[in-house]
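Each of the next two complexes has subunit A plus one other chain: subunit B in the first, subunit C in the second.
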Partner chain A sequence: MPMALVGEPPKRRAAVPSGVLGMLLFVAAEVMFFAGLISAFTITRAGAPPLAWSLPGGVVLPAVETAFNSIVLMMSGVVLVVAHWRLRRGEDAKAARALLAATILGAAFVLLQGREWWGLLSRGVTMQTSTLGAFFYLIVGTHALHAACAIVGLGVAWWRLRRGALPAGFFYTAETFWYFVVAIWPVIYFRVYF
Partner chain B sequence: MSAHAASHAEHGHHEQGFVRKYLLSTDHKVIGLQYLFTGMLMALIGGFTVYVFRMQLAFPGEEVPLWGRVTAAQYNALVTTHGSVMIFWVAMPVLIAAFGNFLIPLMLGCDDMVFPRLNRLSYQLFLLSALILIASFFVPGGPFGGAWTAYPPLSADPAYNATPWGATLWLIAVALEFVAFLLGGINFITTAMNSRAPGMKMFDVPIVIWMIVLASLVFMASVGPLIAGAIMLLFDQRFGTGFFNPATGGDPVLWQHLFWFFGHPEVYVVLLPALGIVAEVMTTFSRKKLFAYRTVIFTAIATSIISFFVWAHHQFVAGIDPRMAGLFTVTTLIISVPIAEMMFIYIATLYGGSIRFTTPMLWALAFIAEFLIGGVTGIYLGAAGSDVYFHDTYFVLAHFHYTFFPIAFIATFAGLTYWFPKMFGRMMDERLGKIHFWGTIIAFNVIFIPLFLTGAGGDHRRIFDYSLFPELAGLQGLRVLATIGLLVLIAFQPIFIYNFINSMFRGKVAGANPWRANTLEWAAPSPPPHGNFPEMPVVYRGPYEYSVEGRDEDYWPQHVPPDDPKRPAEQVA
Partner chain C sequence: MVFRTLVVALALLFAAPASALACPVCGLAGPGNNGWAYLAMTLMLSALPVGILGGVLFWVYRRTKEAEEAAEAEQSRRASAAPTRRQAGVEAVR
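On to the complex of A and B.
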């Protein structure tokens, strides 16, 4: 029979703050969601007849332009790390500038991607004309939607930081989500564009 | 809900309007009861649909009372609605959301969930999803008729399923419901990680909480691919894409992979909380420590992991590679090992205990007995060779119901009758409870044992009228017997509803700890007020210290300090 412990038990401290833990769990579910999309894409491509797997009219996906957009997105992630460090050191004004830069870089990524979509659409690449096109818009569009939500979160964090009312938990939660959006992009880029 | 309002009004600590307190509450107990009552109402829909189509199968072409003549298209819609409602809107909300919300903060000794507003949003999304599903009864073409598994091309093309709006509403409802449970799961896991009472270590957490948290993890890890598939199917239905259409380079079997990658772990998502409930009830009423507490947890973790590697056993006849079928046969047979182990552990818990046959205990024992039948018959379906014969017959259906009925109803009744005093502060009637128990259990077996036989005899599942198959005419007697069993089962349910509602107002007042149980929820008053505990509890031991030698009482609550061994638990409340 195990004896119960005697005396006052130790007070509990959360190893990971609740907001961040909740966001990490959400991100885990999101990773599985994107894994579902990407593996669906991979399986369909592997099973498709070779000639059926192309865009109509000989259009190819703009891998080079997107490489530039991807660099913009990666830079946004790096700048956000800088914002994190500055915030930890208490340099709020500098942190706010870095946070704003990360937000703008992220927004630039979404806008540049949108411009590419516009080009593809004008050349007749839609979701209906080919399954490759359908997967392209579905996966990249889903990522863009996530990016847009995360950018709103970062924007709100910047606004609150500027007014000196940014709770650390809010920043860490938004930050976690943005890192997810940035980190999943190379996987999508190398799977879908090539 | 108003009944609950009345029982609460007596306490009257926090005067809030009805809407604020019961419809927009962020209190985990209220949200748990919202899930419970919504799930019970949805069970009426699921029960009514099965009544209509079982009547059609037993007496083909005749008028069904309360419905009329059943057409083939209606039959498909009824079967689809029954399956989806019972799994997504009854088993999931009651087992995970209702018990999870009600029990997790109480059993962990904290005042509420970590994210109470997220919790409220979770219920609101769930309610919306239920309303969307119900709305599909009133759109042109009626509710979705492509089976709850929604295989394309049947589900993707309105020309095949004949329910253009029902199919889309069904998909949206299912996707919304998953988002609701995702939010709930995040809450459950975070709360269990960060809000346990002081002194409560990982291995002091009651089994039911472990199980609900593990189930939430399994759900969150498996649901993503299905949401991806649901979006693709939605696009196929409404925007003319061809993800699942081979004519445009798509792949219809892909949906089956995405669906069952979620669908099979889903079985364990609802099974684990059911096993948890049974563990709590069994230890309390055998007055004995749970046998091999840690082994139960490690077994459950093993089951959770293996559950991700068995999904293709649903696709043995879908044209998958035979080598792959061989692999999935092996994994499927392996997963029966941890489940069998758990069954033995529960039986070992009973061994030598001083067993009390209360209503919740009867349900818990019935769970083991009936689920065992479901588990054993599953072996024939997990092996690819025999599954080719049994696939899509009533044998599958009977097997499936021998697993899901114990999960969704028997374990739920065990949990409800056990925690009813905590939920409403009053006891349920034992005599009515036992009548309801025996009526339900006997009728359940009368329904499904004949269906094993019809399935082995060649009855295919998706047949609207067997009189068109004269070679199967000899099985009609068994089909009628199953339907009679169902009518008896349904006839016994008003007893439970009466007992439930009547006991809410007129049951014997329960006190804080009527079952003399150990876990923390029994340290709170019944029903617990907003904030749960007048004084936040501190935990000194594991949850199953029953019949400890050298103590006067045969139970030893988790929150009672060790220096006072003779102290009864009642004075805490």
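On to the complex of A and C.
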């Protein structure tokens, strides 16, 4: 005789949203990807003959301008934390404003980086001209690609929040990816630019 | 048997190269002073996956524990809020 089910099974609250867990695993893989790039950069740089590790024509990487861009990116991360807390308190309108601000700051970072790239390219620095140039465009470009994807995620989250249809899991997932983009940048900046 | 094994082991130990690299890739270091780079990057790439996965697993463990505690607290709150049979009977008699 089959056993009858008595009542409904107790509802279980998810300890970690599936999207966040998936994103964490993806971020772990991405960290290893960037670690591989930085490792190759470090070893190649350490083995390069003196004076060979430079850009052609005496061009130097724009470290000062990029410091400003880095501050913009960090501010974006801080504003996203504010959006998180506003959302948890149920202040959707304020959360949407903070989320939009974080997205705009992130987009500004990518655009400012693009402006610096344009300056370097116009001075003849390409991936083919030097090893440093190749590594620079590869590592910084890969980060910019990640930043652009994360900005799209944040933008979609903002749009859905405005329409009142933002699942918490989606926001946390996009947020996790953006924190990764923000957190890995200082490592790249201090390793590549100096 | 043990003595012979010991002698062979000692012979191998003395016949071994004077220096051996514990780091498997440090031998690739060129004439420049980049041995430290190989060593540092090997350490970093070895420690990172362990650290990341350990961190994620620890965080998931903590979240799960918190969720279980919250569920238990909710269950006990409901149990204390619901009237017992005896209390319900008393209410019915009144």
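Just so it is clear, the second predicted complex is superposed on the first by the 180 of 194 C-alpha atoms of A that agree within 3 Å, B and C clash if a C-alpha of one lies under 4 Å from a C-alpha of the other, contacts with A are read in each partner's own complex, and residues count from 1 in each chain.
One rule holds for everything that comes next: a residue touches a chain if its C-beta (ideal position, glycine included) is under 8 Å from a C-beta of that chain, and two chains touch if they have at least 3 such contacts.
Just so it is clear, the structure is predicted and the values come from calculations on it, not from any experiment.
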{"item": "Contacts of A:Trp53 with subunit B and subunit C, given as first, second, both or neither", "value": "first"}
{"item": "First (subunit B), second (subunit C), both or neither touched by A:Gly141", "value": "neither"}
{"item": "Which superposed partner A:Thr42 touches (first subunit B, second subunit C, both, neither)", "value": "second"}
{"item": "Partner chain(s) touched by A:Gln128 [first = subunit B, second = subunit C, both, neither]", "value": "first"}
{"item": "Partner with the higher number of touched subunit A residues, subunit C or subunit B", "value": "B"}
{"item": "Which of subunit B and subunit C A:Val16 touches, first, second, both or neither", "value": "both"}
{"item": "Touching partner for A:Gly119 - first (subunit B), second (subunit C), both, neither", "value": "neither"}
{"item": "First (subunit B), second (subunit C), both or neither touched by A:Phe26", "value": "first"}
{"item": "Set intersection of subunit A contacts, subunit C complex versus subunit B complex", "value": "10, 12, 14-16, 21, 25, 28, 31-32, 35-36, 39, 43, 47-49"}
{"item": "Touch list for subunit A against partner subunit B, complex", "value": "1-6, 8-12, 14-16, 18, 21-22, 25-26, 28-37, 39-40, 43-44, 47-49, 52-53, 127-128, 130-132, 134-135, 138, 142"}
{"item": "Footprint of subunit A on subunit B - complex, ascending", "value": "114-115, 118, 182, 185-187, 189-190, 193-194, 196, 198-199, 220-229, 231-232, 235, 239-243, 248-251, 254, 257-258, 261, 538-542, 548-549, 562-563"}
{"item": "Subunit C-touching residues of subunit A, taken from the complex the two chains share", "value": "10, 12-16, 21, 24-25, 28, 31-32, 35-36, 39, 42-43, 45-49"}
{"item": "Complex contact set, residues of subunit C against subunit A", "value": "29-30, 32-34, 36-38, 40-41, 44-45, 48-49, 52-53, 56, 59-60, 63-64, 66-67, 70-71"}
